[in-house]
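Letters A, B and C mark the chains in the order given here, with residues in each chain numbered from 1 onward.
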Amino acid sequence: MNLRELEPGTAERKLGEPILAVDGISLAFGGVKALSDVSFDVREREVRAIIGPNGAGKSSMLNVINGVYRPQAGKISFRGEARAHMQPHRSAQLGIARTFQSLALFKGMSVLDNILAGRNLMMKRNLLWQALRIGPALTEEIAHRHRVEEIIDFLEIPHVRKTPVGRLPYGLQKRVDLGRALAAEPKVLLLDEPMAGMNVEEKQDMSRFILDVNEEFGTTIVLIEHDMGVVMDLSDRVVVLDYGRKIADGTPDEVRASQAVIDAYLGVKH
Amino acid sequence: MDALRRPSTIAFFALLAIAAVMPMVLGQAKFPQWLEVAIGGLLTGVLYSLVAIGLVLIFKASGVFNFAQGAMVLFAALTLVRLAEKMPLALAIVLTLLVMIAMAWVIERFVLRPLVNQEGIVLFMATLGVAYFLDGFGQAVWGSDIYTLHVGMPKEPKIILEGTFQGGVLVDMEDLVAAVIAAALVAALTLFFQKTATGRALRAVADDHQAAQSIGIPLNRIWVIVWSVAGLVALVAGIVWGSKLGVQFSLSQVALKALPVVILGGFTSIPGAIVGGLLIGLGEKLSEVYLGPFFGGGIEAWFAYVLALVFLLFRPEGLFGEKIIDRV
Amino acid sequence: MIYRETGQFKTTYASDQQLFPILQDRAFVIAALAFAFAVVPFIASDYMFRAILTPFLILSLAALGLNILVGYCGQVSLGTGGFMAVGAYAAYNLAVRVPQLDLLVVFVLAGLCAAAVGVLFGIPSLRIKGFYLAVATLAAQFFIDWAFARIQWFTNDTPSGSVSAPPLEILGYAIQGPQRKYLLVLAIVSVAALVARNLTRGAIGRSWMATRDMDVAAEVIGIRPLTAKLSAFAVSSFFVGISGALWAFVYLGSWEPLAFDVNRSFQLLFMVIIGGLGSILGSFLGAAFIVIMPLVLNQLPTMLGIPLSTAMISDIEFMVFGALIVFFLIVEPRGLARLWAIGKEKLRLWPFPH
């Protein structure tokens, strides 16, 4: 049963036109083919899951969308503009944010600073103003602090805001990762295994956060997940990758019934 | 060695060759003099390579950039020259070797083991500390005068190819012998790595620490062995350099030059260390003699580093090193 | 009992983000500054000024600059001596060729020159990391050494290669004598420390630390490595350049390129490591340590009654530095600053054990 149907008073989410699309993406490292001719699109305000066995190329796909990896072939289209490859900071400027499988938090900084760093793009005051830290620079810093505190409240982590992230338990670190991505107020949020390593309660909390982000802010979500229950509950449509190729694309029910997907997960030789 | 076949490598060597022969093309120098300078440079390069090989060995096996290699060269040379004052040379060499092995053990136990999971930069700074410690320790124990090392190296330059060129070409015999020694050392090391079980273990460790540990290779002992071998290489370098320059403090500064050598050659490649050393030695000498006068001299002080810097911009992994891929 | 935060509630973000949020810290810093400015000039001896306080302050400024680059932004640099030299010679040339400029202006301009050179030699950091970068910065060091030794224009064609600073005068006041020099340096360094603290707390400081901790992730959230790294080089070299100018003009009086050679670079790196990477206080603690240690080592043998030659003392200095570097890296990689912070933590709990 889809989680959305259980929530009382949920606003009607209108799924929009495709906001993000990848077309014929191929990616190889030396001789290893990570992705072969993968194409799919993501509609605005949708929750799109990418699933597949280990090593299928899911993280690589997100890295391509983000600009961390450059594909050898194919195009990435965001809001109608097509590109052969993305630059990481450009993707941030365009409004794409992401979390990482292995966290990639700034271990030497506090929770507050990590999330504030996510807002660096929006800080306009230059070096000289920051050096004096008066007037406009101070106002700007405080204004952004307000927004970051809202995110911290939303993720229920105000009690650890000053703690260096390296010292936090794994579950809280995951929330900081999410908070940092949210700080940029993105249009598209790429989540790389946000539930990895969590117990049932933590997964319920994280699912709630993701749904809230999608419904309250209208953020489009692309999500890699291994937990099938989560995928079925949260997502509108699913893409299945195996050995770098797309083998299924449709609603959770359609994908669950697909023979190709069943074979892939059961390890049938092909 | 498919690195050699890469178009960028070929282009690089072509450019170098052109730059090297420019002085003759421009009429600044005649071939015999140019050959003298070139041979002198190549032979100095061999000496740089000797020190660089020690660096590469340690980096390959423990991932540590050993800034103290130069200090080790000086310390080995100091120990040898002072011991040789009191006993036959052969015995002094054996004792110095034992001292270097002891030093390897101490470094592994007190510096490497406590820092085993730290990042490369922390280990690098630790070797910086070791370098300073060794410099002070060596001079405190053995004194800070300039000592002459007599190991039986030929001291007179020889004139070769008198028949071909008028006046012949002047070659420093000592450098030539040093080159032969270096070649022998490399051959011995190659045999050691390829043919012995310990050598194989070292190569396994260089590839992947955890994997090597999981098949039962004792990491700590391997590191002691590697640092001992590096100590041996440092001793050979110390003998050769010390015989040439005299054993003095500036020896460890000279060894600083080994850093650009490994950058050029790639941190993980012994052939790279040799090629890098030759290139740096050759380039230094040629640029000092033929470019120097335009700049007021003294180019040798920075040429190697600037060359390494330029190289890093185009090929951060060096000529023969492995390409580094960042995985997220 | 004394060091407690109870009762100090912050009701605005502004008060939470101020320089010293805890009242006792504020009081301590104000007292320390008052002591340094108003009391020390009257009670310290000439020797204290010349041998300890003035060099400590100037080298703290250099260490501060280097800490921004290495500690906050994670870019290893062994070329700091060279950037100090740029500041020193730039100040010299400006003072000698444009004598109308006030010395403070000269110092700032010298800092800007050093910043420009810093950015230039920092460009490789966009492709090179870690110890590769360290070796590249050595190129900067040796090249700059050579440039100031060989290119006549820099030394105003002085035949001996050693140059002297003109008499110091700021805003009409002659700066002569150890007290005035000390106060001048103290004022400059205090301002610099405040500016550095503001920068490291702000957006640019966060971009530095993000680049240091995980540059790929930083890029993904929109922090361009180019801007972060080059700004770190620029700000760092600005401070280092001014410290070089101060070292030359105020401390040395007359100097030659050797004063800023690779050994100076190592000395500054040691200050930053021992003091604490990524800490403003650490830069000061490290500088204090490195300035005082040789003096202590010099006195110790005589105090203990063991006669040692100067050469031996200098050798022991090397050994102690080397051993301490390794010690700090093993035991407390965050240096003296961390030990200070631990001390404060214990003080907060005192008299309770935990």
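The rule is simple: a contact is a pair of C-beta atoms (placed from the backbone, for glycine too) under 8 Å apart; a residue touches a chain by one contact, two chains touch by 3 or more.
Keep in mind it's a predicted model, so treat the numbers as computed, not measured.
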Identity of the chain that, by mean CA position, is farthest from chain C: A
Middle chain, criterion being Cα centroid separation: C
Between chain C and chain A, distance of the C-alpha-averaged centres to the nearest whole Å: 41
Rounded Å distance between chain A and chain B, as computed from the means of their C-alpha atoms: 48
Length of the line joining the C-alpha centres of chain B and chain C, rounded to whole Å: 34
Shared interface positions of chain A, touching two or more other chains: 68, 100, 104
Multi-partner residues of chain C (each touching 2 or more other chains): 216-217
Of all residues in chain B, the ones touching two or more other chains: 328
In the complex with chain C, residue positions of chain A that touch it: 66-68, 88-89, 91-93, 97-98, 100, 104-109, 113, 116-118, 120-121, 123, 125, 127, 130-133, 137-138, 141-142, 145-146, 149, 180-181, 184
Chain A contact footprint on chain C (complex, rising order): 13-14, 17, 195, 198-199, 201-204, 206-207, 209-210, 212-214, 216-224, 231, 235, 278
List of chain C residues in touch with chain B within their complex: 74, 76, 124, 127-128, 130-132, 134-136, 138-139, 142-143, 145-146, 149-151, 216-217, 262, 266, 269, 273, 311-312, 314-326, 329-330, 333
Chain B residues within the chain C interface of the complex: 65, 110-111, 114-115, 118, 120-122, 124-126, 128-137, 139-140, 144, 256, 259-260, 263, 295-299, 301-302, 305-306, 308-309, 312-313, 316, 326, 328
